[in-house]
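In the two complexes below, chain A is the common chain; its partner is chain B in one and chain C in the other.
For the complex of A and B:
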């Protein structure tokens, strides 16, 4: 069909150019339709199931490939996150495969923004030489690797850094969910539960917005819950895009969510609406927590949060009555992923509130998912790297942080201190996204070696000594992804089209070859297919079957509602009181903690959040998505009309945003949808890499304004602990 | 013969633009050209605020002004009520753009043709749904036969009392719940 259509369009274009009436001597629509039907009957459109890479959800999708070119995508019907749907990012990010700004060959840095193309052989040899030298001089603990994990990366990246003798493996969670993860881990034993949204009767979201940070099945579930009459409360300083599906908006003062949860917990206990049976059976430390909660009255919380005490009481009571089909959704970054000094404790209080409701493993409540039972490589044939001797850098400073993610910005801190000497970044734009870009740049300059593996010249790649070009996710096979949830399953990312740029390589090849060059090739003596076959072995599914289906679920292994699994905390129970905290020198009981900074009458708190069309900074360079930003002026900051009026600012005006760290110019959206104390800036803009020609120069990055900092509990980035002043300026 | 139409429940729309991008890829549109536009309407005063998001595309009017004004009959209505453009006949005069009450027509700057939503007629012919419906993450869109009282779309329109965006402007075949 496409060919037919394209050739026809080409004809009209030519016709229009020569001012010839296009109607003369051409086929009409009906003939064309018949032609199309005939053509599509003869030209096979290949449908290849795979997984998305536009965000961390990695939804199942199907690529429609015609004549070797990716045409369009549809959501995979069997995948639990997509359920047949894809969001705008999911569709649009796939165009990265044909981006004009792809990295096409390995690059070696010559100076500021100066690179020369080199061969893979030279790149491997020089990188391996430097890594080996650094390890010899400073030990393997001076080497680190950071990524935004995807299926292959999750397997190969830690294996690679461990093979070098280092435990320093980090993920992007330091500016995503490090706080929530730590809070949940030390309360319910897992970094995140999931939620049975479609069956819930009362749902509260704190900062989390299904309509902005999208997983299509979550939105479908929420729409279904609303159809079933559920109460849906959004707690957010801004009326986010999930609002249409909500029944109530609590416009909370930013940074005070913990006070709200503490007060609601207070009300539950005071009104005797907590689930005493559940608490007795499955938890420890309730009495101590209840004692602490006594002082957190709704009146107290009203003074802090700005939410009327009557509303706090009403909602807590209604949730108590709706239990166990009532919950506070577990969130990701939301309001307590990495935002405030009190975020970890907010996460802990949320997990505890759900325990007070006794909603764990209940219909309409919080769910502990199950993982699929997958196989492993035979260790006799394929030896694992030895356990590194030195602990992961940052573990000493942040013992409560989830070790699997670590505290990625510790790499920058130790670089500045002269302790860290080499850093590898894979699918990670740490230089712009993880910490203040000025500090990150300074830190990178202290490192003896920075390697970036990416598909485009990100700000991180720009600062690297070596840039290794990967194929995009449309052009590669990956390690089998395990899906945990109510029903476990597996999904496979697979190649849809031939490599567009011949000198790019998939990540598993890059790690395997680099390991060989580093002298640790013995830990990578298997092929991707061998690895995937080993993983599949216990499932009874063949690799061929998985390739055909893309996503396979195991309904026989579904969790049993009402059956609590063993809680993976030290006590084996949900912990209202944490010995782990106590041993690490933290308060074992959640208490109110002030945010680190607070705005004055003439300043604002700068807050950020996702937009449905973008993901981190990785999508800003894609014309199909950035055009939406341009069409609807989505890069603007939000300001409340009362504050705008005081400052003489009108909708669309250009303003200067000034913090302790930076000054930015941007246009404003004056809207009632934002708390007067806050300025909202979407988190995807401010690309400074001139090699990203579409994204460059649109909007500003909130991270420029965030002081380089670590939250005391989880080491997260405290990305909302920022005060700014705003004034109108002339262009 | 079916008479195709759509219902959009704006109360479910989260303004995610998935329909726009999916449509652009399905129809291979240039990135600047979109068949679906989004209007936002904010009402109330902080903190009692409502934000309505209204996606608008060709309404496939039964009495479509773009059809009647087209000087070359490039715009026409199929037997199934889908308003289409024969790009072979379009001379790019933009009369239809002026005539359309919904601002639903856009000129393709690569081809000069003034295009618009086609209800993905080739997918519909295969018994599939338009791309915007298939991908809608909150199931806010329902497509089907308006002449069949038992179709999902007909039943939903009745149940939710969905109305055309501007009933005063003609007989549109996209019904909105607001």
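For the complex of A and C:
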């Protein structure tokens, strides 16, 4: 017999009774499986209401759990975004819970692409030690935290960084909606309104596509509007997937949406189709704006946008006649979230155009939503961190940016300048998605500490000194989500299944434990349940009730159509003229701003956008969704046939895309659905982390071509200010 | 001919030792391999028990550090794109036709039906496993230790069925290891294991 100590090192611990049981026999897999399937018919299915995490909408969903495993997903019928439906990516993203590419243990960097697993205790101790040292040497303003916020993150992340004494809390909006947010904020007092789409008679989308950035209820509303005979105009250099529901496509020259909106505003006033009553009652600065608009004629705009003056006039007049059931949808990233040097001013002009139509708080118009009235933790018992002394980095440079989001890429800029020393990224792939990846990588290399908290080994995690593994959204409870809208409500993300990997943790636990290690645990002396109970207190709803229902709306608090709320601008009115702008050194009135760069005859502007099956780059590693990409060649760039012919390029050809920043190879889709001056590249591909086996090597990342830049007003990423040349190449 | 009881114990020991080789390495394991000629002994035992010849020459890692590195890179760490030795990954996720999840019939996902069955067995037999394997009880190390346990303590039909049911995915695992092609150690051990299982089934 073999003699070895290893036979005593067994994992399994069998009880004395086991041998007897085993001898008595039990079922084999096939028999068990048959029994399992048969018994399944009678197995009790637990239905756990929760929220999706496949995109920022966080639609309500119900997880059907059988024998402890996920078995089915359905849209939550009461949630205002899902209304009983889930989109493809919502179904697909859930696979992440059982993915083999998940992070399972805390990791510490040993060198280039080398990590070793460590315990949570070691991770906390070392991260806390480094943070404390950095704060001691450079002050708390040298530490930053960035996230793509979800309900728990929204509460815990700023609290954590504030507890360290730093105001440097940032969100992904720098490449999402920073420009729109700033433009709207300084015009209508909120970063975004919503829209009463189903009751609208005339809807214009500028770059925004309900068919690609799917929220099921939005698509339902648009379909209802279409059924009601609404005119639906898509303004986009690309005929996006809302086309099925649209009545007209304006293939605008990219970067010129501001000119279109200014000219339409000009027409409204010239044709006396603006709502003077609304303007007199609820706005300031109209006369100054009207004076500025005089020069922005449709003929002027035709030369800039490429849209015939007659069409500009026709649409503006029709919208004026349809008011107040006419609107330009507020968008998200769309064409003016963060794309061009003029995006903030486009956002501002859009908010003003809706004011000219007098559509605010009107049926079929723009809506100021209301938030639910939720409670807070008792400050006596659970003290809040002190207000940080130093202002948020980037505030000085970009005073117009919405402070709640900040300018996340300022962290990289200050790292390169040697001012920022530590950065924490939670649920955020900033290294690939927020700025030029080469610049981001260099910036990360200058930092003394980078911590990434994620479920998968993203490009950001690859560059981190420490990687902390979070449980997936299927395996965690979260803070109550506040739903703002015509009817306010609340939603709760809940744990559906036991965590697959025992050494992963939910974010509220990670922050609480890390805070303790950093010596600021006194600001996290409550449980998640205590926090949620405190939030619920004023609503009269019990935690148990919310857990059972998942989503609860408050119809008694519905907005009253026709009743304008107090506008949260300094003047208390919608501002055509902004004193805030003036004080900050910007033009208080919107004027035409040229895009930063323009293509020549032999080049293109590189533009990007969403596809319905993916979300940012977070879904690129999911086989079930990536297979759709592969089946339909969705990673290809789009080129107009006229330009393709000039370059000798045929559909499916391999081409080289070259910018000032990078060179990529990709196959092309030749289509008339793209403006001749633009190349469209979907924004979900170009994964460079080899740990993400499914996503790696498919397509290219448009961010590689985007120069690291800040839009002058909001600090947004100017992600469409990119010129590329394209040529056919052999493989 | 080795007496039946002793043969069962010997077979169980082979499975136990191989189970150990798929766990995160310890110095104790390494010393057994290096100082105690463990692989040679395994070869010899397989020959004595099953009459199979399968040399395990030239597959040893250079040293303990290399062994740890290999484990991490080849079968242990997601961060290293490792080929995880977990049964569910190599089989359709579930046979439950009522399951409407988009990946229900796909391979490559954790906590498939094999996980459920192993969890069921562990529960029925009141067997405990380390906490970090709770979500992946169908990890090869657990499966091999269970196989060893059944070989020694359960009726033959039971252990045969167990191996047919839960160790039939190893050729697919070996293919993936080959694609990874980092070092012959785990490939060699897997090949050896496949031969042993085959012999055990034919025995």
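What we mean here is this: the second predicted complex is superposed on the first by the 690 of 731 C-alpha atoms of A that agree within 3 Å, B and C clash if a C-alpha of one lies under 4 Å from a C-alpha of the other, contacts with A are read in each partner's own complex, and residues count from 1 in each chain.
We adopt the following convention: a contact is a pair of C-beta atoms (placed from the backbone, for glycine too) under 8 Å apart; a residue touches a chain by one contact, two chains touch by 3 or more.
Remember, predicted model here, so these are calculated numbers, not experimental data.
By the touch criterion defined above, A:624 reaches both chain B and chain C.
In the superposition on chain A, no contact is made by A:646 with either chain B or chain C. Shared-chain residue A:71: touches chain B and chain C both.
In the superposition on chain A, A:613 makes contact with chain B only, while chain C stays out of contact range.
In the superposed model, A:672 lies in contact with chain B only, and not with chain C. Of the two partner chains placed by the overlay, chain B and chain C both lie in contact with A:91. In the superposed pair of complexes, A:397 makes contact with neither chain B nor chain C. In the superposed model, A:216 makes contact with chain B only, not with chain C.
Once the two complexes are overlaid on the shared chain, A:104 sits against chain C while remaining clear of chain B.
In the superposition on chain A, the residues of chain A touched by chain B in one structure and by chain C in the other are 1-2, 5-6, 9-10, 12-13, 21-23, 26, 28-29, 32-33, 36-37, 40, 71-73, 91-92, 623-624.
By the touch criterion given at the top, residues 6, 9-10, 13-14, 16-17, 19-20, 23, 26, 28-29, 32, 36, 38, 41-42, 44-45, 72, 77-81, 84, 86, 89, 93-103, 106, 108-114, 116-117, 120-122, 124-136, 141-142, 145-146, 148-150, 153-155, 157-158, 161-162, 164-166 of chain C touch chain A in their complex. Those residues of chain A that touch chain C in the complex are listed here as 1-2, 4-7, 9-15, 17-19, 21-23, 25-26, 28-30, 32-33, 36-37, 40-41, 66-67, 69-73, 91-92, 94-95, 98-104, 107, 115-117, 457, 467, 498-503, 623-624, 690-691, 693.
Of all the residues in chain A, the ones that touch chain B in their complex are 1-2, 5-6, 8-10, 12-13, 16, 21-23, 26-29, 32-33, 36-37, 40, 71-75, 84-88, 90-92, 210-212, 214, 216, 219-220, 222-223, 226, 239, 241-245, 249-251, 612-613, 623-625, 627-628, 631-632, 640-642, 671-676. By the touch rule above, chain B contacts chain A in their complex via residues 10-18, 20-22, 24-26, 28, 31-32, 34, 38, 42, 44-47, 49-53, 72, 74, 76, 84, 86-92, 108, 110-113, 121-122, 125, 131, 134-140.
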